[in-house]
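Letters A, B, C, D, E, F and G name the chains as they come in the text, with residue numbers starting at 1 for each one.
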Amino acid sequence: MQGQSQQQAYDRGITIFSPDGRLYQVEYAREAVKRGTASVGVRTPDGVVLAANRQISSPLMERSSVEKIHKADDHVGVASAGHVADARQLIDLARRRAQGEQLRYGQDIGVETLTRSITDHIQEYTQTGGARPFGVALLVGGVEDGQPRLFETDPSGTDYEWQAAAVGGDRDVIQGYLEEEYREDLDIDAGIELAISALNEPEEESVAAEAVDVATITTEDESFSTVDDERLESIVAEIDTEESDE
Amino acid sequence: MQGQSQQQAYDRGITIFSPDGRLYQVEYAREAVKRGTASVGVRTPDGVVLAANRQISSPLMERSSVEKIHKADDHVGVASAGHVADARQLIDLARRRAQGEQLRYGQDIGVETLTRSITDHIQEYTQTGGARPFGVALLVGGVEDGQPRLFETDPSGTDYEWQAAAVGGDRDVIQGYLEEEYREDLDIDAGIELAISALNEPEEESVAAEAVDVATITTEDESFSTVDDERLESIVAEIDTEESDE
Amino acid sequence: MQGQSQQQAYDRGITIFSPDGRLYQVEYAREAVKRGTASVGVRTPDGVVLAANRQISSPLMERSSVEKIHKADDHVGVASAGHVADARQLIDLARRRAQGEQLRYGQDIGVETLTRSITDHIQEYTQTGGARPFGVALLVGGVEDGQPRLFETDPSGTDYEWQAAAVGGDRDVIQGYLEEEYREDLDIDAGIELAISALNEPEEESVAAEAVDVATITTEDESFSTVDDERLESIVAEIDTEESDE
Amino acid sequence: MQGQSQQQAYDRGITIFSPDGRLYQVEYAREAVKRGTASVGVRTPDGVVLAANRQISSPLMERSSVEKIHKADDHVGVASAGHVADARQLIDLARRRAQGEQLRYGQDIGVETLTRSITDHIQEYTQTGGARPFGVALLVGGVEDGQPRLFETDPSGTDYEWQAAAVGGDRDVIQGYLEEEYREDLDIDAGIELAISALNEPEEESVAAEAVDVATITTEDESFSTVDDERLESIVAEIDTEESDE
Amino acid sequence: MQGQSQQQAYDRGITIFSPDGRLYQVEYAREAVKRGTASVGVRTPDGVVLAANRQISSPLMERSSVEKIHKADDHVGVASAGHVADARQLIDLARRRAQGEQLRYGQDIGVETLTRSITDHIQEYTQTGGARPFGVALLVGGVEDGQPRLFETDPSGTDYEWQAAAVGGDRDVIQGYLEEEYREDLDIDAGIELAISALNEPEEESVAAEAVDVATITTEDESFSTVDDERLESIVAEIDTEESDE
Amino acid sequence: MQGQSQQQAYDRGITIFSPDGRLYQVEYAREAVKRGTASVGVRTPDGVVLAANRQISSPLMERSSVEKIHKADDHVGVASAGHVADARQLIDLARRRAQGEQLRYGQDIGVETLTRSITDHIQEYTQTGGARPFGVALLVGGVEDGQPRLFETDPSGTDYEWQAAAVGGDRDVIQGYLEEEYREDLDIDAGIELAISALNEPEEESVAAEAVDVATITTEDESFSTVDDERLESIVAEIDTEESDE
Amino acid sequence: MQGQSQQQAYDRGITIFSPDGRLYQVEYAREAVKRGTASVGVRTPDGVVLAANRQISSPLMERSSVEKIHKADDHVGVASAGHVADARQLIDLARRRAQGEQLRYGQDIGVETLTRSITDHIQEYTQTGGARPFGVALLVGGVEDGQPRLFETDPSGTDYEWQAAAVGGDRDVIQGYLEEEYREDLDIDAGIELAISALNEPEEESVAAEAVDVATITTEDESFSTVDDERLESIVAEIDTEESDE
């Protein structure tokens, strides 16, 4: 194992490997992701659920302005964790690619293809000098050929496909919860419930409905829609009931 | 927690993350914002109020030349805090974008769209090498589709939407005051009063009318207009009365 | 022999040689390859077998998303070890070159030609400043003029042709096993068996079928095809039988 | 408060902020301004007066070659303090912009517009790498829409409008004098007298007429003209009389 | 003479001379050449012989993939020592130049002209920043105007013409052997024998035929051809006989 | 006052100011000027005299090849002190500008305009990174509108107009001599005598005619001409007589 | 005088001056020249003689490949000392310029003009960043307008014209010999004899004819021609006779 002063020598430029073959700047960008509040994605047979905690620093801040779930195209949504302004750049990139596909071929871009165009962009920023990596992880969810798909992008430019995944702060706790509770035959509402419960897991108290953003992309209408507060509240209420039942 | 010498290793280049995932140069740019005098924005149903302290270093300086509130388009105003020359660059950018929208589409640019074009520009300066971040925060207020909107941009390139917000020196004190006193049903004059009182909060003595710039963008005429001294003085007088009443 | 502090002086820029004529950054990129799970290639008279361990960090992760074997063209496959996002860049490059050949000349690109276009690209990143080397090794297998060919690319931009080769973690152990067990007259199934056994060699316990990706490019149909789980399981079962026989 | 060794870490690149949000290189450029001899501008209802000390290092040097007051356009003059060659670059820029306005629109460029084009240029040199800031402050005086205007540009790229202002060495003393003695209803000759007296203030002895450059841009003829020695001498004589009267 | 710490100050950038006028990076690139296995060239009246040791790290590696002798054009061959991927870049360059000559002028490029185009390219990489020197030495052999020619390129970009020369590891020993044994009237077979014996010189035991690559470019057919194993074996056998005779 | 170690921190990059507002690289370029032999310019009513010492390191060196006085155009001459190759670049620039003026407008370029185009070029090299300042000072003498003009350019990019001036080694001594002896009504021959005597001043013994270059640009013929040895010798002889008379 | 540690601070970048106004990298390039074997040029009324020692490191090296005298054009030859690959770049440049002159104007380029185009190129490499100076000195000899001319270029980009000059190792000794022995009325053979004797001067023993390259450019035929061995040997024999006579 290496000492600290040794490490310091290799972690300040993205264009160099450390003697043990690591890219420290990419690892530090992963720390930037952990500094953000968590986002969760759950894939069900009926569609994909994206959910995220929102951190409002003042009661005067508009709730919508800290939303961490965004529509990338009619049939694709993106949840993020980490450096907010970096996330916006990647989401804008995703939107432009999706629009380009519509313009050129008159069809929806595939969810995997879209994810790859994002991770290609992220990888470039880890290899070529003069810029830093993106300090953000995304969950890209959507419907492709009638099938729900859920991908994660990480700061190295790698993508993974998931049944259910968490990114951001307390990822390990939340992912553990998902691994225990996820079942393949969840319906959308159960998916939403699972997502909120998972986000709730690291906290001591239940999370309030207004502190969560939830969106779904269902196979039925293949379109991104946010879940309104009323529906969220009834689901959160149900969670509380269940928990007090336990 | 990290010691000081450790920190020093990561804060001199914008293109690198620290081991705990922070971008020190962006955080230092936030300090540049705190070195500036404060600006305040208040959203009321009838329009947006922007207010700012002005710091005149000599009685021979023209008051208008230290104004910190600028018209970006007929229906949008911008207040700033921090590095003055940086602010002017961003305001010029906002003006060009607004004019471009008029030229291309013959319509007013949306307040949110305009804010995003500013924060995209700011973000680039935090990721690509060869330049420093912008040392300025802006409050962008305007009317969009008949609705008043108020946004903040910060040096990381993030934007937030607010009911009422402060940027610059003593932000915490002023924002605290706004959180206590803000009500959603303020009329424009009450909004102006609130903005001036908030700016006034960190000072021991009342602020003089001539040390404040105030502008409004009302839903009625959808146009930026500065509040003249006479009106300001009567409002300031009212504030003094109220305070002595307390 | 040189001391450590001496070495440190030459290993942080790819554009310099050390006094003993080494390029440390390239050597560290080789360490990045060793940090990845292994891939194996086996050439038989009937075609090329590519096999790789996959590392799934969560049961909720889609198995396909950590596949390390990719189709580069109908008649060429690529297995990788090392930095995943780097590998994807090189595989995309390979696909574009193969498509270009089809478009320009209406014919399949040669496996050797394709490998060279990859290693040329890798070499550039070891000589010209402003970027880091690729932290990945590839096995490129395919059929060319009816003959099976198997190449390796390394982070210096060198390529080698092999009868059977391993890249990635535990390479030495796996290559040793291949050298002992490889015979020139293997049929495809025996090739698959050898590849899996080789990957299995460093582990104490037998590897499960679902933890291995296998693909073949046979001289018969000159096309890339992945080996399905059923066939893999029967082969793995056979290996277990053989081993317990020993 | 920070110690000196700490400061040294942040002041050598223009592209970085110090931890307390300062741009040291810009502050050092302000020191370059202070190393120069002073210039003064005085705005009167009848026009703008620009005055500057000139430093002649040898009696064989042509007096005109160390003039620090320059015509930028027929209706605009510029006085400078600081790095002489930097000043010339900015004055050349101002001339090109003024000529461009004449060529494109057939009209005089506004004094404020002209000043902004200079400060935009200065700001760029404080944010983008590969160059140093301009080590010069300018006083830009002229007539716009029949009104006299007087602006200052500083090395950060900020501009200020003044009734009367000083830049360069002993600025504080001279500005203090201007604040005490300036009256809004000065005629041009009284403005010249004030400007010369102000420049004279830091010196123990009266300044000789030949050591001062003075130019005016009056509202009457809207044109830049230098004040000849005869007129200067009579004004200087008057100052001496007044002073000995005191 | 200079101490080691002094040297360290000048050897990390190719764009600087040391105080005693040396280019250390070029000297270190020469060390990279010495790390490679040796190549030998022998010029006889009947043609040029190129021979090289090959280092096969595994019995499963294809012998052809570590060949160090390449055809640059019908009438020119190149043997290399040092960094393999660098060598390939230069050989590709040589091929493009030779093809260009054919396309433009319909004739064979001269061996000297071709060598110069390579060394010009090498020299650029020793003078202009942003890249490292090529860590390779080449032997370029061919027939020009009916005459056999043999050139060497070194990492500084210098070329030399030889009767017989060695590059790479143990160069001094091999060159010494060549100087002792070379005669101007060798026929091709004697040239091959000399080349193999020279490569053999630093080893204790005789080299096996399969560990040597040999190619010739004869004046008779002016074309590059590799010497097959049968012929090599008979020549190696003869060498052994001769040696045991001694 | 600052200590030496402090200074060292700011003097190695031309793009930074020191804390006291100085540009050390420009100051060091002035030292390069002082390392050169001196040049002198004298303006008389009948024309400009340029004179320079020449340093011939060997009797075999052609005297003309170390001339430091050059024709820039028919009506303009340039004398230099400092880095010889830098001077040639600036003189070439001057010639191109003068020729450009002839080509575009069919007229002689003004001496002041020509000087400014040189100093603009010099200034750029003091502000933009990636190059060093010019280590040379020039005396530009010529006739413009029938009037003799004499300018100096310094390494900061500043220009001065002179009646008589010296640049290079021992400048202070020579300039002092010029200040004592210069009279405005000198004829050309007296100007030459003054120039030679001034150059002679720092030496103990009289300077030989062949160690001095002298050229004149007279108002009569407005053309650059070098003064031949015969005339120089007679003038030098006269100087000696005068001196022995004293 | 400065100490060594002080010097070290200024000698590693070509773009900076040292505090005493020196360019260390240029001075180190001069050391690279001194590391090379010497070249000599002698101008006689009948033409220019260029002579150089050649250093052959092995009897198998072709003598012609270490020639240090090259034809730049029919009427111009160039001898070099220092970094061989750098010299070739400059000689190639000279050839391209000479050919360009022929193509554009159908005439021989002047020797001085040609030299200047070389020194301009050299100077650029001493002022602009990103490259090192040329480590070579050239002697450029030829006939221009019927007159023999002999120039030297040095690593700073300065050129000198000579009657007889030496560059490279032992320059001082050889130049001293030339200064003693040179006479203006030498015929070509005497010029060759002088050149060889001068090269011979630092050695204890006489130099062998085959260790010297000699070329002449005579006014009679205005063309570059190398002096053959037979003529050289007879001249060398004569030198030996003379020396033994002394």
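Note that a residue touches a chain if its C-beta (ideal position, glycine included) is under 8 Å from a C-beta of that chain, and two chains touch if they have at least 3 such contacts.
No experiment lies behind these values; they were computed from the predicted model shown.
**Q** Counting one step per pair of touching chains, how far is chain G from chain D at the shortest?
**A** Graph distance in the chain contact network comes out at 2.
**Q** Minimal path length between chain B and chain E through chains that touch?
**A** The fewest touching-chain steps linking chain B to chain E number 3.
**Q** Can you check whether chain C and chain E touch via the same residue numbers (shared by over half) or via different ones?
**A** different
**Q** If you average the CA atoms of chain B and of chain F, how many Å lie between those two points?
**A** 56
**Q** List the centre-to-centre spacing of chain E and chain G in whole Å, with centres computed as mean CA coordinates.
**A** Each chain reduced to its C-alpha mean, chain E and chain G end up 31 Å apart.
**Q** Which whole number of Å gives the spacing of the CA centres of chain C and chain D?
**A** Taking the average C-alpha coordinate of chain C and of chain D, the gap between them is 69 Å.
**Q** Which chain C residues sit where two or more other chains touch them?
**A** 13-14, 129-130
**Q** Reading around the ring from chain D and passing chain F first, what chain order results?
**A** Order round the ring from chain D, first step to chain F: D, F, G, E, C, A, B.
**Q** For chain C, which residues are in contact with chain E within the complex?
**A** Contact set of chain C toward chain E: 9-10, 13-23, 116, 119-120, 122-123, 126-130, 151, 156-165, 175, 178-179, 182.
**Q** With touch defined as at the start, can you tell me which chain B residues reach chain D in the complex?
**A** So the residues of chain B touching chain D come out as 8, 11-14, 24-25, 28-35, 58-62, 64-66, 83-86, 88-89, 92, 125, 129-135.
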